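Labels run A, B and C following the written order; every chain starts at residue 1.
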Amino acid sequence: METFRADVGSTGPVCIRGGGTRWSLGGDIGAEVRVVHAPSGIDSHDPAEMTVAVWAGTTLTDLAEALAEKRQEVGLDGPPGSTVGGSLAVGWNGIRRLRTGTARDTLLQAECVGADGQIFKAGGPTVKNVSGYELCRLLVGSLGTLALTGRVILRTRPMPERSLWLRGSMTPAEVERSCYRPSSILWDGSHSHVCLEGYGIDVDKEASDLVEHGMIEVDGPPDLPPNRHRWSGELPKGAVLDVAIGVVHCHGSGAAPEVDPAVKVIADRLKANFDPQGRLNPGRDPYMVSE
Amino acid sequence: MVHEMPAGTDDLVADLVAALGIDRVVAGGGARHLYGRDGSIIEGGHSGPICFPDSTDQVADCVRVAVDHGRAFVPRGAGTGLSGGAVPCNDPVVIATTRMNQIHEVDTERRIAWVGPGVVNLDLTRHLAGTGLHFAPDPSSQQACTIGGNTANNSGGPHCLAYGVTSAHVAAIEVVLSDASIVVLGEEVGDAVGYDLRGAFVGGEGTLGIATRIAVRLTPDPPVVKTLLLDFQSIVDAAETVTGIIAAGIVPAALEIMDQKAIHAVEKFVNAGYPLDAAAVLIVELDGLPGGVAREVEIVEQVGADNRVGTVRVAADDAERELIWKGRKNAFGAIAHIKPGYYLHDTVVPRTRLAEVVAKVNAAVERHDLIVINVFHAGDGNLHPLLVFDPREPGTLERVHAAGEEIVRISIEAGGVLSGEHGIGLEKRGYMPLLFSPDDLAAQRALRDAFDPHGIANPLKVLPTSASCGDVMGLPEVPEGVWV
Amino acid sequence: MSAFTTTAWLGLDDDSLTACVACGLCLSHCPTFRLTGDERMSPRGRIALMRAVQTGGVACDDEWYNSMETCIQCRGCEAACPAGVPFGELISGTRAAISEARPLPLHLRLGLWGLTRPRLLLLGSRFLAMLQRIRVLPRVPFLPRQLPLSGSRLPRRSEGDVVLFTGCVMDVWQPEVHDACETVIAATGSTVVRSGPGTGCCGALHEHAGLHDSAREMAEHVIASLPGEQEILVDSAGCGAALKAYGHLLGTAEAVAFSDRVLDIHEWLAEHDDSLPQVPVADRPGVIVQDPCHLRHVQGAHGAVRQVLGHCSEVVELNDDGLCCGAGGSYSLLQPEMAGAARDRKVALIREVSALSGANIVVSANPGCSMHLATAGVEVRHPVQVVAEMLTSADGVNGGATDGR
């Protein structure tokens, strides 16, 4: 952490870059802003604790591979090349969020460098913790505007024994009624796509019930368009709705949703309290994101 | 015993009465005496007038009047909290949400319910009977505690191992902030854009504002539930079994351990059928679809056998399930028959170090000449050592606090944290520097100040300060110079 | 009202007072806290206030008296208390201690005195009944709409397998409940003898109101008038609880032995239900059970009620942990506002459950509860009345029941 802290320093604008897979999200960072990278590597994975300690610069792929050896996974999501830190900063949930939990539930502890160049720790290493304020929740989805994260402890979950996708013309509500806790329900405007996960015997039973209702087993989820915006009641052509989280995967970029000015007051005070000079990721605004 | 209120209180009361009506404000000595404490062992708080608003606007009125008079305010639900979070310091306006107990709206299709903060946790689940849905957080006080209180404390319970604590079940919250403004945090579906202010608010212990309406997520009832009771000749074997079950890729709905003293206390009053010769029992609850549950029962039996389990009792029906849980749920009550007072502690340690920490905790407490009994959420390493004592014996409370501090130190040394579900409140704010550096605490202060820049929402809670809370009894002092 | 302000030493048991750790698990089980959300109206609040007076030297003021006097003494808190705090003893001791400083209103004292005079009660009630018949008596909410003109018959046999305790008010105002009990007991093949007016009132209301001396006298009278070994069956939950507590109230071996003979009628029937008819499931009416506090929280006999009703009806639960309806003996007269609010809450729940389940029979095993609920227009029967009706309507089982009719 000390090297990372020295990189960040205590003066001048600085931004942090992970895989750069969603670099344009939330506004542009000027070309002259100094770029730092979080360290990478997995510190420790303890399957019996259901936690993993990992550096923020580690790619999600590397992390997933390491966890898969012990048949575990984490509830983080991002395009190929995304890093743990980048995925947390964006805070988007994967389509299997109903099983894996949200990104916000996944971050247990973060070691960060604040705008003053000092290291601080948010949260705690255990899966259950109500010691002090929930700083970790604020960091997830903050686009690095409050602090720069170096090392984290994440909650892991067991991987399912069986995982399969079905597609058909049942409505999402019908699917939800006929399955106990599916991992994902997507809707493309004419078809539902459902992911069933768990023990083979249960998944097969639920799948056969769905097949009776005209669903068919498919290789995986539908292709998801690259952009996302909040569900507003309309599904553009070619878009896919993630029913559980109210997110539309689409091609065109949507406008940022309107935000209650009273919410912005708190948000502005947060930013001012954490980063009074506005040196962390200048130009980024988590409220300028369409999801 | 009831102390005089500071000057200006009469005007404050008059303005509160003008805003809320005469039947929603009380300021008598008896009331202030009662509202000086909550469910914790912390005594001697000083309450100002107590308000019973029944709408969001009235809560905002209470806050506005308090601010006008330069008084702080303290939100209060049922007052069952165990860390002194609702204990008022320095005569604040106490805002009780008990009359905001309406279930406003239940949407079974979208699995969301909007409720008042004063709705009792168990009342919501009862209200949902027949819909196939329930509210998952189930703290031990669920028959009495309110959902507003659960939100403030990010409450847990036995079943949060699989289902997550309150934060995972609160979608959106309408909040009255300390400037009397009203704001909605979060979204009914999915995450709100921007900073997760909802996530920050949950667990804020009433220091970030007052929740006035809460949108909670409803969880489908599991199709199959199996409850197992395993007994062991050593608590180490029980703890190893817990580790083994998790390592096998199972996340049970609940994993609870009770030690021998707890077993004996419970059996005497409940007759749950716990074996008296066992050193520990482990309750395992598995739920989900039938195939998986059957598989997991086999795995648990195998892991138990690998760890020298005595017998494995699988509850045959609901009646037997209830009996097994009855012992667990009545444990604290049964223990109270041993001595009239008890202090329920709450720390979390890595679950792989449970057995070692329990042994150290027992030795430390016994050194202070107190009885300790362990009943805890083993699945997430959440220890609940229960110190049993008679508060009338001179010097007992001092010994209780000294033992409590040792428990905290032992837990932190083992890589644990201060609290798993009771929160920090007044009880543990002095211990915060044991877990957090001054920089860590400065970051938490930055969060708090963003919601409440003038520090009038439930002051002196959570974060350590040099200011004191009147003559509140028996609180650990902040180590000198660590945090001011 | 400063004339009543005094420092009272309450004489409460210190261990019992200390046993409350203020955890608050009682709160949701307290009808007055449920209505007000105010700690002063809660069990743990009342205990803290008792403690403040007994050990903290605080003077009693109107606020304090109000906390104590608004308690319905339903003892729902006692059943919910994890630490086993004997709240019933604490509040009853407090009421006794303050009964001198805060005397009961004259009409209530007269009424309670009247209960100790069964013949006077019978005469008075007949007089009221006649006034009702000739329509000169205005509607009094808690009185049955049609008072019976005759009371319970005197016992015809001196010997029976069991004794039915007939009490005071109930014997006069609801003798049909005793008749139903006789019918059902007879159907089990046992013989029953009524305790009759000579036994008198059980004293529960007096004890409730803090008049401990009267309560003790009445207990001694009841015990003396019912010698023997037979089990004593009670069809009024309040009376049953009082009779079972004589051992504690008087503290004599004789009283303990007497209390051991006492059973709620349902407890006895649950042990003798083999001979009760099994009504086919399809023919079973839905019955909403309202548990009297003294049946559920004090006697713990609510399971027996369900077992007995389960033979002939579909039991429909209110699912409110037996929260008090607000009747509380003389409480509805002394605290009409709170009693009315508790009743309205219960009635709203009954209506809701009735609408959901389709059940329209409501039962309660205590005359106070049924009269209180009747004031809000809910017709309430005794569980045993339902069983008796099913008996007489079922084929071939009413032979024994007609004996002596």
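A few points about this structure:
Simple rule for what comes next: a contact is a pair of C-beta atoms (placed from the backbone, for glycine too) under 8 Å apart; a residue touches a chain by one contact, two chains touch by 3 or more.
In this text, all values refer to a predicted model and were calculated from it rather than measured experimentally.
Farthest chain from chain A (centres taken as the mean of C-alpha atoms): C.
Taking the mean of all protein Cα atoms as the centre, the chain whose own Cα mean lies nearest is B.
The distance from the centre of chain A to the centre of chain B, with each centre set as the mean of the Cα atoms, comes to 28 Å.
For the pair chain A and chain C, the distance between C-alpha centroids works out to 60 Å. Separation between the centroids of chain B and chain C, computed from CA atoms only, is 37 Å.
Among the residues of chain B, none is found touching two or more other chains.
Counting partner chains per residue, chain C shows two or more touched chains at no residue at all.
Note for the complex: chain A touches chain B at residues 46-50, 71-72, 91, 93, 101-102, 104-105, 112, 114, 118-122, 124-135, 137-138, 140-142, 146-147, 157-159, 173, 180-181, 198-202, 205-206, 230-231, 244-247, 256-257, 259-260, 262-263, 265-267, 269-270, 273-274, 286-287, 289-291.
Interface residues of chain B, counted against chain A in their complex, comprise 109, 153-154, 156, 160, 164-165, 167-168, 177, 181-185, 187, 189-191, 193-197, 199-200, 202-204, 220, 222-223, 243-244, 246-247, 249-251, 288-292, 295, 348-352, 377, 380-382, 415-424, 428, 432, 435-437, 439-444, 446-451, 453, 462-463. The touching residues of chain B, counted against chain C in their complex, run 1-2, 26, 28-31, 33-35, 37-39, 41, 52, 78-80, 96, 98-99, 101, 118, 120, 122-123, 126, 129, 141, 143-145, 330, 332-334, 336-337, 340-342, 390-392. By the touch criterion given at the top, residues 15, 18-19, 21-29, 33, 36-40, 45, 48-49, 52, 56-58, 61, 63-64, 67, 80-84, 319, 321 of chain C touch chain B in their complex.
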